[in-house]
Amino acid sequence: MQTHKAKRVEITIEAVMQSRLTDALKKAGVTGYTVLPVLGGSGRSGEWSRAGQVSRASGMVQVICIIRPERLDGLLEGAFAVVERHIGVVSVTDCDVLRAERF
Amino acid sequence: MENLFSLAADNLVSPIILSFVLGVAASLARSDLSIPEAAAKALSIYLLFAIGFKGGVSVAAHGIDARLGLALLAGIILSAALPLVAFALLRLMTAMSRLDAAAVAAHYGSISIVTFVAATSVLESRGIAAEGYMVAVAAAMEAPAILSALWLVARGGGGDSKGMDGALMREIMLNGSIVLLVGAFLIGWATGEEGLAEISSFIVSPFKGVLCLFLLDMGLVAGRGLRQGGGILTPSVLAFGVLMPLIGAAAGLATALALGLTPGGVTLMMVLSASASYIAVPAAMRVALPEANPSLYLTLSLGVTFPFNLTLGIPLYVAVAQALTGG
Amino acid sequence: MENLFSLAADNLVSPIILSFVLGVAASLARSDLSIPEAAAKALSIYLLFAIGFKGGVSVAAHGIDARLGLALLAGIILSAALPLVAFALLRLMTAMSRLDAAAVAAHYGSISIVTFVAATSVLESRGIAAEGYMVAVAAAMEAPAILSALWLVARGGGGDSKGMDGALMREIMLNGSIVLLVGAFLIGWATGEEGLAEISSFIVSPFKGVLCLFLLDMGLVAGRGLRQGGGILTPSVLAFGVLMPLIGAAAGLATALALGLTPGGVTLMMVLSASASYIAVPAAMRVALPEANPSLYLTLSLGVTFPFNLTLGIPLYVAVAQALTGG
Amino acid sequence: MENLFSLAADNLVSPIILSFVLGVAASLARSDLSIPEAAAKALSIYLLFAIGFKGGVSVAAHGIDARLGLALLAGIILSAALPLVAFALLRLMTAMSRLDAAAVAAHYGSISIVTFVAATSVLESRGIAAEGYMVAVAAAMEAPAILSALWLVARGGGGDSKGMDGALMREIMLNGSIVLLVGAFLIGWATGEEGLAEISSFIVSPFKGVLCLFLLDMGLVAGRGLRQGGGILTPSVLAFGVLMPLIGAAAGLATALALGLTPGGVTLMMVLSASASYIAVPAAMRVALPEANPSLYLTLSLGVTFPFNLTLGIPLYVAVAQALTGG
Amino acid sequence: MQTHKAKRVEITIEAVMQSRLTDALKKAGVTGYTVLPVLGGSGRSGEWSRAGQVSRASGMVQVICIIRPERLDGLLEGAFAVVERHIGVVSVTDCDVLRAERF
Amino acid sequence: MQTHKAKRVEITIEAVMQSRLTDALKKAGVTGYTVLPVLGGSGRSGEWSRAGQVSRASGMVQVICIIRPERLDGLLEGAFAVVERHIGVVSVTDCDVLRAERF
């Protein structure tokens, strides 16, 4: 089938920062994203798990954003401004998408 | 004093405390026992709704007086002022950075609603009445401490702090637990005893049992925190975690006596001042002071001060409040 | 009419309604208060189980008569016919496309079980009895409306519609809420008063309290919908959302009087006809009419018609049913 | 025998059993009815907490005697020995591989706490008393069976098995359900009747209703398993799933009579021996014997033996225990 | 370690369509897939979140499918037939897998 | 923005094996990972779903690990030792990351 080149950006970020990140993404011209729940993880700031947590303080989410390659830089700059001082990970993968008109 | 010890001992063998102990023990022993996040949140929603509602009903029954306004104001001042004390103490007693000290201080100015709930249930089983509007005071005390802490950081060179922006301010004032507590309080107030009669077999009878499960969960989370972050508990940090609630309680006591609250009201004001937030403030700190170390404030608040208040603090505050009000 | 107003006022200050209002207000104010999805689903499972079970017990106690069959049949016909009225009205009153109008119409033929539950609890507190089998009528009314709507689309040029296939048909008839409601009804019927005695402190006493939390959640979701999709509420769409339940209620009223139901039964038939689905039908529409705009039907059903029925509709239907049956 | 049939019939039309049946039926009919994972776990936490607590309170009330130690010991021996019987039987009756047979055998030596809970509630409604410490016996019987099964595999050429390592041993002994059951038992014991009074409207009154919803969930999961894994149920495997509980019950009966337990205690010892694990053991098998087929042991345990015990087994065990103890 | 080239197809689709999609995948010869929950997202049809939802109407899931490259076209055609008229996103990434005999 | 090459390893594994896997990852020098919940799936061992499950026996999780390319082999060996006899899938994708000093 006809596919088109795109970039898949995956940002793992604290739940408290989710709305700030998605606002920044929208400003950077992103038209869509998907948010996945995260159960737990480990990094330089230690291990954590969502089990039993009531506060939003110690949870993370994964925001996935598929965009046209030419938009990548704008997105990364917008995302970086939010993520910069926070824990979390940003990765970019090449991908092919169906229905490119959507991105 | 005898009274105090028997109260403390009674308190210690209650299902509520022992559930917390079970949670901590299970976590420390690395059992895989856990309460799903959604279930823990549901329990906390239940507790907030129930305690807010009952507070409102009690206000509907007894009416309000000028003291309500004064108590709210006093709560706000306590919440704003206690972080300054906590901050000074931390900088004096411990080697914490300004940033970490400010973040920890914010927690101690704010309040822990579960500690409040546990105190309420001790008062109830002792037959000691309290002002229903203390629930509103609890809500009012959640946020001011955060502003004080951010001010402390800004003063010491704002470079470290993102400071407060409008979005954060709204998030803090409208965070879920405040809205639910205040909302349920207003609903209870509006519907009064009649409303309570309709739903009391949901929010009154099973209340203590639900509290047990919630404390089991808190024990599990606190135990996990102690296992992972226990290293940060140097003797001086630990000492702060026990000393600060006593200072807070003393400040709450003075304020409550000045306001002329009932013995129950005095106890609750002490409990609010003595307790440290572990829901709203940590979330705000992650946004506003992301470089502060969350292990520090979470371990202190949930792993040290909460258990201290739950086991020894509450009976102490009840005894002191009764002694000093002649209640 | 005085009766009506006092009933409406009473209704409005009940914890149930105010919980819904709290949810809407919290959402509109953009509080982060939310009920976890799993907890919301658990609450709805509880409500369906309890209401189904109690309906079955009541049938076990009072026996069934020929009216049960007739009421079921009448319900099916109402559910199938009301979408035609709704569709015509929408095409007349609003600028909606055929597809959107059909999708919305499906919701109004089908029913909202929470509206039914809320009405039941109003009837109970007023001491008005109703036929237990109305629960079964509710279940029977869930699906036919969907078929009518798909027929409307197919008639207007099937190109737009995937139409109905076997898999979808099975999904609709066996969707979780129908199965649970009917299953619990049968269990209640089979075990009768004795079965009820065993579990009444689970399904009867805390019922209203659970309903409060569920309505809080519905308020939160409705408020979010209004915030995001409120733009689609043109005056004519809004007018439809208030007019259609009244038309449905009138149709339900006529049917119920013809069947000779009790005042409670008449009320419930009105409520079922007046209410709009927000669980089963939206899911079916996503499958069968994916191009129809979900904001439209969700905002209308949950954001307009549900609150209208909850606050003004139910007391109105009770008053009219009582007046016309002399009950 | 008449007694037995009426007991079985009574048992079958209870809301508890019918809820399970509803779940199975909904699953087999491929309804999308489902209970969220978090809600199912919350229900199971509630049941474990409640049953453990009540057991502890009963021990506090009646004191303990030498029999407690003996009963625990007997339970451990039964749990360790029954897998040997099950294994031999499986190798004799069916074509299962050594590995699969050992994995299945582990389940039958261990216990199903819901079966235990269901039996307790039958005993209660019949007014038959039982030793409170049977809860502790239940906990003691969870793990030994796993060791036996791993030994069976190792003996037959350890190549297939990862064997037992320290981490697995700790996981098994400290798995969440054992810790919660034992912990709640100790809390109940420590706080006694007074503790129970505080939380009985949470853990006693709604208990049976919660059990209904939990069994609905188990029915849904069992039905799904039967739909997907039903193919493995050859006649001989099926026969094992019904025969083995009877053998277990006989062993439990002999042991309990030798210990001189009360009629209720005899029943519960039979139930524990007859029941097959479906929480702790499956998880341990996935770690230790990953090549064993999970459909086999889950379908047998949850899809065959559990319903058998629930519907026919329990009334049979009650009748036999009463007949043989003259209770 | 020895790895093998494969394709990782990720389909974000409405929860109500999940079983239809997985049926189509099976028909296209897919031997395995994994379903992840989705918390929320945003796209041309607006923003949504799973919080508090009772109906299945407004949730999405992410179906991940790792396959041998030669099977990609069949899979995409099968998936596209289901996704076509629905909201959602299909992306394909190159990846390497262990234990290639499984795919 | 400045990005750096990295590898994104995704391991879908039984929930009961999660702690064993993450222990092995840590031994292989991995400094961070993220765990996602899995709702259900299908493979050679049949179909499963998390709905209504009480036991941990029948759930899976997805462990995502972003590492410097030179660490990949160590990680795969560590992971393989745990996954070997168990059901589950290991895939590796090339990606680019911000803030490479974190990996």
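By written order: A, B, C, D, E and F. Residues from 1 in each chain.
Here is the rule we go by: a contact is a pair of C-beta atoms (placed from the backbone, for glycine too) under 8 Å apart; a residue touches a chain by one contact, two chains touch by 3 or more.
Computed from a predicted model, the values in this text were never measured in an experiment.
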Cα superposition of chain A on its sequence copy chain E - rotation in ° rounded to nearest 5: 120
Greatest separation from chain C - chain, by CA centre: F
Separation of chain D from chain E, taking each centre as the mean of its C-alpha atoms, in whole Å: 38
Interchain centroid distance [CA atoms averaged], chain C/chain E, Å: 34
Whole-Å separation of chain centres (CA-atom averages), chain C against chain F: 45
Chain C: positions in contact with at least two other chains: 32, 34-39, 41-42, 201, 205-206
Where chain F touches two or more other chains, by residue: 36-37, 56, 93-94
Chains grouped in pairs wherever the two touch, ordered by label: A-B, A-E, A-F, B-C, B-D, C-D, C-E, D-F, E-F
Touching residues (chain side chain A, partner chain B) in the complex: 14, 16-17, 19-20, 45-47, 49-59, 85-87
Contacting residues of chain B [partner chain C, same complex]: 36-39, 41-42, 45-46, 49, 53, 170-171, 174-177, 179-180, 183-184, 186-188, 190-191, 195, 198-199, 201-203, 205-206
Of all residues in chain B, those that touch chain D in their complex: 13-15, 18-19, 22, 25-26, 29-39, 42, 125, 201, 205-210, 212-213, 216
Residues of chain C touching chain E in the complex: 34-37, 40-41, 44, 162, 167, 217, 220-221, 224, 228-229, 278-280, 282-283, 285-287, 290-291, 294-295, 298
Residues of chain E that touch chain F when the two form their complex: 1, 3, 6, 8, 22, 26, 31-37, 61, 66, 93-99, 102
